[in-house]
Structure formats: C-alpha cells, structure tokens
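Worksheet: one structure, shown below.
Chain naming follows the written order as A, B, C and D, and within any one chain the residues start at number 1.
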Amino acid sequence: MLLRKGLPNLSWDFLTGLPSEIEEGGGIGPALFNSFYILFLSLAISIPLGMAAGIYLAEFAPDNRFIAFIRICVEGLSSVPSIIFGLFGISLFVDIFHLDLTILGGAVSLAFLNLPMLTRVTEESLRSVPTELKNASFALGSTHLQTIRTVLIPVALNGIITGICLTAGRAFGESAVIILTAGVTTSGELWDFNLLSPGETLAVHLWYVQSEAIVPDAGDIAQKATAVLIMIVLAINLVFRVPLWMKARRMKG
Amino acid sequence: MQATALIEINKLDLFYGAFQALKQVSLEIPQRAITAFIGPSGCGKSTLLRTLNRMNDMIPGARVEGSIEIGGTDIYGGDVHVETLRKKVGMVFQQPNPFPKSIYDNVAYGPRLHGITKRRELDEIVENSLRSAALWNEVKDHLKRSALSLSGGQQQRLCIARALAVGPDVLLMDEATSALDPISTIKIEELAQELKDRYTIVMVTHNMHQAARVSHQTVFFLNGEVVEYSATEKLFSDPSDQRTEDYISGRFG
Amino acid sequence: MKKWFKPAALIALAVSLTAGGASVASAASSLKGKIVINGSSALLPLTLQAKSEFQKLNPKVKISASAVSSIAGPQSVRKGIADIGAVDWDASVDVPGFKKFDGQVANPVAVTVFAAVVNKNVGVSNLTTKQLQDIFSGKVTNWKDVGGSDANIVVVNRKFGSGTRVNFQMKALGGQDFMTKGDNYKETGSSGDMKTAIETTPNAIGYIDLPYVTDKMKALSINGAAPTEKNVLNGTYKVWGIGYFMTKGQPTGATKAFIEYIQSAKFQNGSLKKLKFIPLAAVK
Amino acid sequence: MLEMNAQSRVIAPAELGNSLRQAGGDPLDRRSRLKFFNSTFKIVCVSAAVFVCLVLFGILILMFRTGVMTFETVSFKEFFFSTNWDPENGHFGALLFIFGTFALTALTLVLAVPIAVLIAVFLAEITPVWLRGTLRPIMDLLVGIPSVVYGYLGLTILIPMLRELTGRDLADGLLAAAIVLAIMVLPTIARISDDAISAVPKKYRDASYALGSTRFQTIFRVVLPAARSGIVYAVILGMARAIGETMAVVMVIGNTPQLADSLFTPTAVLTSNIVMQITSVEFDSTWNYALYLMGFLLLAISLLLIVAVRLLQKKGAKAS
C-alpha cells in the first residue's frame, strides 16, 4: 500500500536531487548517498567485530557464569532504546573527541547499536552447526581457525546472513541515533566521502519531512522516501541472499 | 599375519572429570592389518579409538595418563603437532557426515587445508581417493553435485575418500557401518579389506560377525578394561577369558 | 519582551541594510570557519534554507545542523558542542519550565505564529483566552460548554520542552499550566504528529505553528482574531513568538556572518517569507 | 611437500613417528604459520569480545552512573512505588511506566506469539515450496520496515478503527500500542521460529507418522516441542524488541503519565517516556537523571524477562 502511493511518482531527479526547503520538487540525493555510506561504514565496523565476538562466544568462551551473564547482557541490550545509543555516541564523539556531528560518529554509534544483534546471531548460528561436521574437519587435521573458516561459517552462513539483513534493515531505518550523532544536514554535495561531514540519512530525512518540514509537498516526499526506503531494504536482502540462492540451486543441479 | 606393531598403547588411563573411562589399557596395534574393538556399549572402545588421533582433546575435562606411541613417538608428548597427527591418523564416524558442499569439495577439503591449491594436483587426489573408496564410478559424472544428495552408504564411502585424501597411514573407523543397510555395510567391509594392504585400520564395531569377518586381530573391552586381545580367529573360536566367551556367545551385551 | 524587541529589530534592520547586503556578497569567499547548529526542530527548515544559501556565497564555511528540541540548543552552546543554539523562546530569560542561560546572547531570527487548531468536525471557530485556559487545564471537557455540539473534548498537547508548547502556554494561556492526565488527553512528540493527530481525531483540539496548518484541520480565532499574518501585523492576534539563535557571548566570525545573513532584509523578505515565517522587522 | 600419492606408499613406523613431531624452528614452515594464524585469530576473537563488552559496559555505566544521581533528591520508595510522575513539581514516581512496560510487553506477546508460531508452522510445514520461497523474503522485508512507518499506519488506520469499534473519543492506549507492536514483532518471531521448525530433523517426523499420527498431531506433539529452544529464542528476540521499541509506541500510546486502568486509557511506558522527554530536559537535572535511571531499569527488566523465559524453558525441558 505504501509502495503504491510512493512508487509511481518516483523519478531519477528525486533520487539524485538536492533537498529543498521552500519549493516543491526537492530530492533526496545526498540523504540517499549518506544512508548507504553510513550503513556501509557501520556494517564494515560491526560485522567483523560482531562476528568475531560471536565466534568467541560460540567456540572459545569457557562455559561459566560470567560468560552466561555477558550473553544475557548482549541480548538485553537489544531492548535498550536506540536513543540511549545516540546519547552514548554523543558523549563519546562530541564530548570526548570533539568531532561535532559527523558521518563517522553516526556510523560508529550505529555500529554499536548493531553489535549485540550481530554477536548473538553469529553465536546462535555457529552453535546450530552439527558437531559431527566439526569433528569431521578436526579429524582431517585442520586447525581450529581452518575449521571455523571452512566449515562452521559456510554452514552457518544462512543464519548469519539473515541476521545481517535484519540488522542492516534496522540500521537503514534507524533515525534517533543519526539525528543525535550525525545531524540533519548534508554537506550539500552529492558525492561526499569526507568522514567528518555531517550526514543526514534517508530515514532521518523521512523523520524530518514527516515531522517538521514545511515544504508544500512534504507528504508527497515522505511517501516517496518511504517507498525508496522499503525498496532499498528489499534490495539489501536480495544482494545478500541471491548468492546463497544461486549456490543452493547449483548444488541441487 | 605381519606383526610389526605400529601403535603401542601403554598403561593408558582416561578420565572424564572424576569418571574413569579407560583403565590401564595396554595394546599393540599391528601395521597394515585390521584391528577390531568389540564390547558392549559404554565399555570404552570408542573412547580408546578417539585417543588415537586425540579427538578427546576437545572434550572439556578429559585427561589422559600413560602413553600411546605411534612409531616410537608419544602422541601425547609436548612436541607432537596435533594437526599432523590427525592428518596421519584419519577417522570415519558412525554417522556419515559429509560437509554440505559438493562431492569434489568434500574430498578436496583436506588437501586444501594442508596447502594444496593446484587444480591438477587436487583433481588427481580426488580421483584417486574416490577410486580407493570404490565410489569413483558412481559419482565421476557429477562431482559438482551436493554430497548430501548421495545415499547413506555412498555418503559413508565419500567420508572414507575424504579421510584418505589427506594421505593418512592409519584409518580409524568408529562403528562406520552401524547406520547403514546390509548391502552398504558389505561394500564398506570389502573396501576395508582392500585398504588394509596400504593402511593400518582400527575399527570399532558392535557387530561381532563383522569383527569376525573382517579383522585380523580383535580386542574385547569391558568396563574400560581390555579383557582379551588376540588374533581374531582365536578370540572367536577359543577365547581364554570366560567373560569373552559369554559375550561372543550372546549371553550379554 | 516587546519593549526589548524594538531596538533588536532596528539593529537587525540596520545590520541588514549597511553590512548585510553589500558585505556578504563581496567579502564572501574569504570567510572561513565551521558552524555547528543544534536545537529547535521548528526552526530547522529556516536554518537549512539559510545554510544552503549562505554556503553558496561562502563555500569555505562548513555548517552542520541538527535538531532535537529547543532546550538542546542553549544546552549544547553551554557545553560547547554547538556554536548556535536554535530555540523557540528567549533562553536568556526565565520561561515557564526552564531557567535562563547565563552568558548567552539571544539573536532573534524569525517570528513564528501559533494557532489553536481543531478537527474539522468541531463546530466552534472562536475561543476566548479564558475558554482556552479552561479547555487545556481540563476544567471544560465538553464542546457544548464553549458553544459547540455535545461531544467530549480531546485535548492533544505537545510534549514538555517543545518550543511551541512554551510559547502557546505563555501567549495563549497566559502562563497557566496544562492538564497532565485524563482519558481524553494525549501528548505528541513533534509538529508532524500533532498535525496527524488533529486531522484524524474527531473532537480534538491542539495547537501548532501556523505553517503546518492544512485545510484538513481548522484554525481557531482567539478573542475574535483569526491567526493570519495580517492580524499579527496589526496587533490583534497575539499568539506569536520569536525564534532565537543563542550564542555564547556576542557572535563572532563565521557565526556572526551567518546570523547576520539570516537577519538581512534579503533573507527575511525572501526565503524566510516563503517558509511562512514572518520577518522580524514587520511586527511591532 | 606434505602430500603423497595416496595409492602407493609404505612407510616405516619410525619414519611416521618422527613426522608427527614439531618441525624445528623455521618460522616460515607451514605448520608454524598455521599455528601463528590460529593463535592470532583467537586473540582477535577475544579482543573483539572484550571490545563488545566494553561498549556494553560503557553504556551500562553511562546509564547507571547518571541514573543513580536521581536518588540524591528522590527517595527510592517514591521512584519505585509512586505513580505520580510530575517532574515539574518534583514528583518522580516511575511505577506507572514500569507497570506500563510489563503490561504492554505481556499483551504484545499474547497477541503475537500464537499467530507468529502458526505462521511459522504454516511456512515450514504446510506451504508448498514455491510459495515459501516468496513468503520468506516478504517476511524478512517486513522486519526491515522502519518502526516510524508502523507507528504512522497505527495512528492513521488502526486508531480510527478502534475508535469506531469502541466508541471512545481517543483510542490511544495499551491495546493500540500492543497491536502495533505485535504486528511489528510478528515477522521476527515467525521467521526465526520458521528456521527452528525447518531445522527439526526429518526422522522425528517420520517416526511420528510411522506411529500413525496425523499431520496435526505430528506438528503439535513432535515438531513444535523439538523446535522449542529455537522458538523460545525467537520469542526472546521479539520480546526484547517489544520492550525496547519507541518510535511506533510513542505515536499510539497517548504519552500521558497516568496508570493504565483500562486498555484504552492513554498512558506511557518506560521507552516512550524516555524518548519524549530525554532531549527536552536540562542536562544536569534530577529529571534527566531519572530518565537515565529508567533506561537502566528498562535493561534490567528485559534481562529479568530473558532469564525468566530461559528458566521456564529449562523447566519445561525437564518436565517433558
């Protein structure tokens, strides 16, 4: 339903244009770019960290109360409102490092938000790999690293990818953290890779046009932006999953 | 029967925490012959098998006293490289456990681990191993197919091929036929007969007829102790211990 | 308030006439610096528009803006996180709910008009200050008591800390407190939520910045005066406030230039008007 | 150098024995390289875990340290046992938010879990393969929709509907929020349960069918119990999301600090109150501290619920 309202009006100009405050026809170009940029950066930080921590919990961690406590804490943190992560990001980047509102701060804060989910999903997926496969690999004389790399992760990949998709979708739609740490402005250029630029994302732009903007076509922009947002979440799913599907199909053939 | 001892087990004790699973086990396992471990469930036969390639290392709380020497080297000594040990002492498990990869990748898995990357070399190893495991003719036309699409018996032979591909000298078979139908079982037994000319084979079985059919030497376990070990023919026709006689005549177990 | 305002408007005007138009254009590209703006979300459209125009003239000035709430503006300035704190009221003096911020200078930037709005199904179109006070304090709960049909009044309020709420409380309710609970009372977090709530809830009353009033809701006259720019200018509609950019001490450098640009006649009579704010110089 | 032709090689026992020993000293030797990578990797994993913990504890400490300062001015008793939340006049009773959070979470789960599990069963057991392939990505997609969108739909579609059904003037409240939340967590719970159900080995099902049970019996007596651990995990995730969800809740719950005495009384929960107010209060005020304390409390509550669910699961596992 949301798609039907927004999609037919989408145009290339809308996707790449600069936003406008007064006249109709403002675009979402920089916000769109920032969305991807911040998402990419935050995933680049959180996937390796989250996976490594998940691997630690699943494979190396001793089975004691402290680790169990950590595990529950990690789970519990996913229920902390994202705004708290935003405040944490502010006190870290703005108060301590004096970085102002930047893409970097936004991406790292977002990465923190993603970490618990990624860690737990990785751990759960690794644990669900049958022990027999692990034993088979060890019995062939592989080191622990080789087993993790060549057996555990490939087998657990489906679950991990589902987790990454969920996290990426959530991160893509997240606004509170970005408003607090990366601001509601863009640097006004479409392709700005500067890590220290302010970085409004699509979700933030959506929040802005829905709640405060007074351009005449705010409602229109909101619908279109929502449509774009949903399409992109779909696209992210596809990008991550298609290789898996293709692999599965090839194996069957 | 050739009687060069390849593996010498000397007064081996194994504990899982407080529980003693093996008590003062001493054995010699001859080279290029089939040795069978028999005994009722929980008698320690599989446990002993798993000490031979140190798969018990991964069980928390497992502790070993005494020595196991392979070719004069104590495999629990500090200077032993566990991965090489497992490469030289291959293992086939009770449940067929192929990786969810293609047939080719399953067999090539081990060699790749150990640093072989050249396609031609790999092709050769895969073909030789599959031939040795009497599977080549059945699968040579669809090596890219998923290993999981094979039947149970084929999967188990694939696992044998996978174990052979890393070039072991010893092959441990842990009730390798117990999950298979009679025809597949016979095939595996025939295979073992062929392989014994090149490999030292140790098999655990709960099927006394199998031990009688296949092995040259049989060891009878009870409650973690070796009750009797001698040439298979002798053990089954003229056991020297009353408990052995009770077991093989089906009075318990 | 008003007394204070006159000279400020004059200064603004003067600045815009003398320094503004000419110097901003000519000295443009030599200006360097970084401005961080935080605070009121109601002023954000204005800030963003001014930012893009200003940056065209001064490409070397970096401006980043965010908006959380009015109070975050002067607080960020005090903490040194932001150079400019956008706020919907004069944060250098006490207002209901908030203490003044010492050492900060309030630079007026725009006039905002607030309207009491009701759902389209409400028959009432004018309320007195007393009636508004009674409704928003929960004393009057039925539309028939203020001249409408027999239906319960649904009161929609903005959350605590909203600049619109502070202004409405001061200007329309004479400083009287809002009700805080009740079956037919809710609070919303932003102007957009308020808009949606009023549009979709029958018998609802709320208040909103004039630019957000749509034809799907009804703006009420207060004491007989409709919330229009004309009535603000001729002094009959009194529910309006001034938006300020708070700075630590007098603004300097790029920050000063930016504030001056917003106060310039060019911006005030151009983009600012298009954004449906009222120029500072126009009100008395 | 390591491989040998698998076909023809007879090795002397002593030679084999020697080959098992560590190679001496050469740092470029493959074995030592692997060993180096292996231990480096372990260190990387450990430090990642430590880093994650640092972030977690950083946030915990931030919330706790700021939160505790509440008690400099507010008594412990008032905060936890009073329902009078009127910070402008110095009253900081948070009980109503705590109650609201529990009630909302419970209500959400009551609505969402049965439907989600049914959807999961439907997806995993009943749906034909082609439909499953379409439905699963759609479910994944639903998870990714920003919560603001759900809230907006709730505000513009659900609430007017509820208003019509109940005749209330304002239908904001626990029920509206619970329905929106239930719809939001449905896909999460359904998809993870679906994975768990699909992972139940076929042999269990075969065994059940072989004993003559119907499909219905098989699903409810064998498959679901076997997938219980996964389903519980799904419920925990859904629950955590429900407890922590803010943007959607804020739009439909009414944001009024009063104890919810009915499903339609406008009320507030911990998250909605934090989000509505935390940016609007002065940094160094009791009010601000109280909001941080509520954030900490929120975490504590979700930890409590997670542990409770885990314990229930264990108990259930023992009983069966």
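By our rule, contacts are C-beta pairs under 8 Å (C-beta built on N, C-alpha and C of every residue); 3 or more make two chains touch, one makes a residue touch a chain.
In UniProt terms, the chains line up like this: C = Phosphate ABC transporter substrate-binding protein; D = Phosphate transport system permease protein.
Model, not experiment: these values are computed from the prediction.
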{"item": "Neighbouring chains shared between chain B and chain C, ordered by label", "value": "A, D"}
{"item": "Inter-centroid spacing, chain C versus chain A (mean Cα positions, whole Å)", "value": "35"}
{"item": "Whole-Å gap between the CA centroids of chain B and chain D", "value": "44"}
{"item": "Inter-chain centre distance, chain A versus chain B - centres from mean C-alpha coordinates, in Å", "value": "47"}
{"item": "Approximate Å spacing (C-alpha centroids) for the pair chain A, chain D", "value": "17"}
{"item": "Chain D residues counted as touching two or more neighbouring chains", "value": "34, 152, 275, 279"}
{"item": "Shared-contact residues (touching 2 or more other chains) in chain B", "value": "83-85, 87-88, 114"}
{"item": "Overlap residues in chain C, where contacts from two or more other chains coincide", "value": "68, 79, 189, 193"}
{"item": "Touch relationships between chains, expressed as pairs", "value": "A-B, A-C, A-D, B-D, C-D"}
{"item": "In the complex, chain A residues that touch chain D", "value": "2, 48-53, 55-57, 59-61, 70, 72-85, 87-88, 91-92, 112, 115-116, 119, 124, 128, 143-146, 148, 159, 162, 165-166, 168-170, 172-176, 203, 206-207, 210, 226, 229-230, 233-234, 236-238, 241"}
{"item": "Chain A-touching residues of chain C, taken from the complex the two chains share", "value": "34, 36, 38, 41-42, 44-46, 48-49, 51-52, 55, 62-68, 79, 81, 189-193, 211-212, 271, 274-276"}
{"item": "Residue numbers on chain A that touch chain B, as the complex places them", "value": "63, 130, 132-133, 135-143, 146, 150-151, 154-155, 250-253"}
{"item": "Residues of chain B touching chain D in the complex", "value": "4-6, 31-32, 69-73, 75, 79-81, 83-85, 87-88, 111, 114-116, 121, 125, 128-129, 132, 164-165, 167, 169, 198"}
{"item": "Contact footprint of chain C on chain A as seen in their complex", "value": "18-19, 21-22, 90, 94-95, 100-102, 179-180, 182-185, 187-188, 197-198, 208, 210-215"}
